[in-house]
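Handing you this structure, nothing more for now.
By written order: A, B, C, D, E and F. Residues from 1 in each chain.
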């Protein structure tokens, strides 16, 4: 039993609230336990210069944490005048994960930017961000189709995508780590998986001790169970009616 | 009658939700109509170097807008690598407004930083931020007293403080402008007032046409009526029990 | 009587020297007592991209202090790599003040940039800058008309504009504060007024104690008396012949 | 058969030249085919402030590419004034990989910085950097022991560490991808492994198509074969006599 | 005869006005024809960290141009967020030139910063800056001696220093080039010389055509004649009474 | 006799290795003793915006040092977020030196960027960089001619160019200073000379003591002897066959 009463293979309570912002073409407040991320999708009917004339669209993401999302206050990156390595890394991860399920040809020369701002951080912010951003992206794609900016009749989204963290704590593999578990994990892995169960990203890090093949296998099993559940929650949220 | 059905001298619905964050020593989600600002107060038991040994505390503020808080997406200041003039200006205004009601001697050598992040912007973000930040500040001061970091038995807060915007639109003075009114205002004024009705800041700007003394007087009357109501809402919120 | 022998409602000696630079289309060395600001107006016959095709011109301003304009040396903002909040704030104030009296349609698609560099600072640098910049602006507008870049026959300047600081020191309202008074002021206000006596900006700040409506009224009276005198000095300077 | 004549499971020619720099406490020119990375280890007998008094040392890394290491010239990050996300990401990866095999207690309060500068890039720069940096690190540790700065008699390095890229190209899993293969890979993985065959990092990315569990397994097998060979090359290089 | 009526070996009118600023420990407005540079010396009784405990002082300089000192407006380096190469180069040149005549031991652990701000630029700004900065430095040294911060009784200044530009225009070597000559010069040289006629810096650049040994010799002769005259003007200015 | 056994007027062993990089249109590893600089020439068939339509090409250079090229590690300029004055100065010097021998009309609207990265620094890095960069430039020009991008049949290079340092140490003028001599030099001069023996740049600095006309003459003689030898080494390297 874990500190919050969960079994080792159990997700925290996950909620996805669509339409949290009035103006964004897609927006979601996603919660993994106490972790709370606001994902806003902004649709524009043009593409970056290097993509002009290609007939293809573009999806990108920016991740950031509010200064007091964490237990002690962090300085703002805008005040420091530079973006840190971790922020860069996670922004790139979210962008790649979403692009893995987008058909850029079907999207046409449109751009969707996903802003994932962590309002409260309790572990798993990047996985919550990916999971929520997919839903905001789906809403923005639908907006683009309704508005006529997306002209193709082919599906723009080839699949859904969600993500979860797994780790080994005191020798036990566990799913969806909150902050208190994350800092103690010997090994920590973030896994991004499509709705049909294929891997998009596998990022495993030996925080304290290198891990062997068998441990890797157990962690991947755990992660796949978690993303199966997350993709069900996403589908339910998207089934809950359009947002306008 | 205004577009949203209000009278010229009527505030938008104002709500103040305390304890919105788990970790912050004070935190408030403040809403002025659709404008939504998250105010987090971070208490630390030390002061900036230039204040060490003075026996006095310090209160400061940082304001920022999420990229998609506005109707079209704005670039992040962290990505641009510099903070814009408007952001600087509002951060400084919030800090000065709060310091006007703080007794820094009674606070002792402690610092409280107020982070005001605009989640959704529909006009009046700086006035909502000041109004909400005061409540978060009061909670953080109480936290400091409970924790023993604030040792003085004198009141740390000399008064409350709130703020509201007023403007002249098509010749009519109006209270608490949403975005659609703000952009049309000939004259625009932000007024910061203590609970006892004294001015802390008066910032009037002729956006389109210079204004005369009589117009200034009418705007100030309207603002004082608004802040009287806001200080009542603040008191009610603070009467609603401690947050932990 | 004040430290420098002035009455409470008396300006410091004000001098405006036109044509201080050879190349600028308008240039003024303005002095309010020992405060000395070089205002240079640069005229270009084009507008920023976002204004192209509008038929309207643009006026903007940049304010800065030389490192040793103050009693102790300040670091250069170019060396620090970023512009401080105060600099941003004052640059924006000067720009807004000048735009309040410019008819951008009559200016046509031309831009005038006002550089206000403080050579020596003894309080009131922003108000001196606005007062001097107006005269440099008038010279640059005349230059544009002579050169043919401004084609409209309508007046480009709808009015003149000047500014002055007022404050309450030991309970006494005073006009045009030098540095020694400024740091002691309980309340400090910068007021920008047109030649015809209308307000363009009113920026009052309770530095040490909130102020009431009656104090505000007295300060505004004092400011209007000061700007009436300043607009007379501006007119005299401009009557002193063209500069070439 | 691949374009360069290798089998799918074959490394490019790998050479490790120790002592390439006169001054560095450890330095290596590592080559994976045409990829050429200069790894310099700088030993200092102190630690960052946040580590002082802990009795523990620190190892960190910085990665960069020379502007013309690539087929077309890239702008310098120093000229752009900011470090890109990819650079940050790889620097962090190298640092984590080396820390996985360092006993910071045995290192004592000393710091070793690894600078990995890519002189020529032909795919696999990060894996070459990790592989070469380990050897430079070992030399710097030995330097610290000889100089007396490292006082512990326990081994400072718990194991060796190397890295290799693997990917699936046209359905075929391949080891150690040069640039021409890298850009065509459907899936791309960088794997960091200790000398004893434990995983330190597994970073798999679906560049063009999500991958399944079976493909992941094949890629991991290939990677382990590659790192086994690399750790042999490292051992040989280190056996080749001390460098001074 | 030159455009401004001077002979080839004649300086422009040079004026040095001491005490131009109230607060600076030394300040000079130096004019070489229409070139006008404000040189302010700031004395502080401490040294940079790397110099602490050495018993030696430090002299450094910062050069900058006001945006409209030139015929067309240049963007501010503070707004661009970075200092250009030319600015860096000239700042370093001024600092080195002044340090060449300072006895840092006699100065003791004090720092003098020379700010050289070009108010109007018409060629020769760096040479005017060095020539004026020396006088401001002399005043600041005297201030330090009067105030007791400089305790040594040995002379702090070993010699005076001044600078002048020379160049070859249409085959004719000329002294002290204004802007119109500078842009046409085939070869351009800045020479810094002590009062006793020794070289401190010789910086010759073939702007359009490489130059031979004989041309170099003629230019050096011309420069020495110019600096002899400049050092006389400096001595006269310094003889004109103390400034307070 | 000097520490490294050379006579006062003797160069260190100089080697120029062409074609060190696979992709660059010209590339050279140049060594002056232990100083080792990688010079890469990048050819592009376009020019900066301000040069478009002029029919003329452009040559520019960027100089940088690897962090551990020096005896103790220096922080990266990319990490500091700004380029230092010395780097700027040397980059500009190299660019000017190469442009002195280029016929920009014959080059046509093409740009060649020279990246000079110091891999190991032992004094004279800027003179080695100029000497090596000329050879890389010659290879890039030849590449442009072979590829057809350079269409003129006139010679693009009017002459060769090389550079050397000279200095006075303990009263003795010496050629080509390594680091240990450089730090002790009373006077230090970098001289850039064409193959036909004309001066391009003369930069003499009194590091510790001003120098007189006679010393200057001796140093120039020594430098000319050095560059005569260097231009012979360049010619030999270029005679060694094309590189591809």
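Just so we're on the same page, a residue touches a chain if its C-beta (ideal position, glycine included) is under 8 Å from a C-beta of that chain, and two chains touch if they have at least 3 such contacts.
A quick map from chain label to UniProt name: A, B, C, D, E, F = Ribonuclease PH.
Quick caveat: nothing in here was measured; it's all calculated off a predicted structure.
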Starting from the defined contact criterion, work out which chains touch chain D (Ribonuclease PH) and chain F (Ribonuclease PH) both, please.
none
Quick one: how many steps at least from chain B (Ribonuclease PH) to chain E (Ribonuclease PH), stepping chain to touching chain?
2
Could you tell me which chains make contact with chain C (Ribonuclease PH) and chain F (Ribonuclease PH) both?
E
Rounding to the nearest 5 degrees, give the angle of the rotation that lays the CA atoms of chain A (Ribonuclease PH) over those of chain C (Ribonuclease PH).
120
With touch defined as above, tell me whether chain C (Ribonuclease PH) and chain E (Ribonuclease PH) contact each other through largely the same residue numbers, more than half shared, or through different ones.
same
Report, in whole Å, the distance between the mean C-alpha point of chain B (Ribonuclease PH) and the mean C-alpha point of chain C (Ribonuclease PH).
29
Report the inter-centroid distance (CA atoms only) between chain B (Ribonuclease PH) and chain D (Ribonuclease PH) in whole Å.
51
Residues in chain B (Ribonuclease PH) with touches to at least two other chains are numbered 81-83
Going round from chain A (Ribonuclease PH), first to chain B (Ribonuclease PH): chain order
A, B, C, E, F, D
Within their complex, state which residues of chain E (Ribonuclease PH) touch chain F (Ribonuclease PH).
82-86, 88-89, 91-92, 96, 100, 159, 189, 194, 196-206, 210-213, 216, 220
In the complex, the residues of chain D (Ribonuclease PH) that touch chain F (Ribonuclease PH) are 21-24, 27, 34, 38, 40, 42, 44, 62, 64, 66-73, 76-83, 87, 113, 115, 117, 119-120, 122
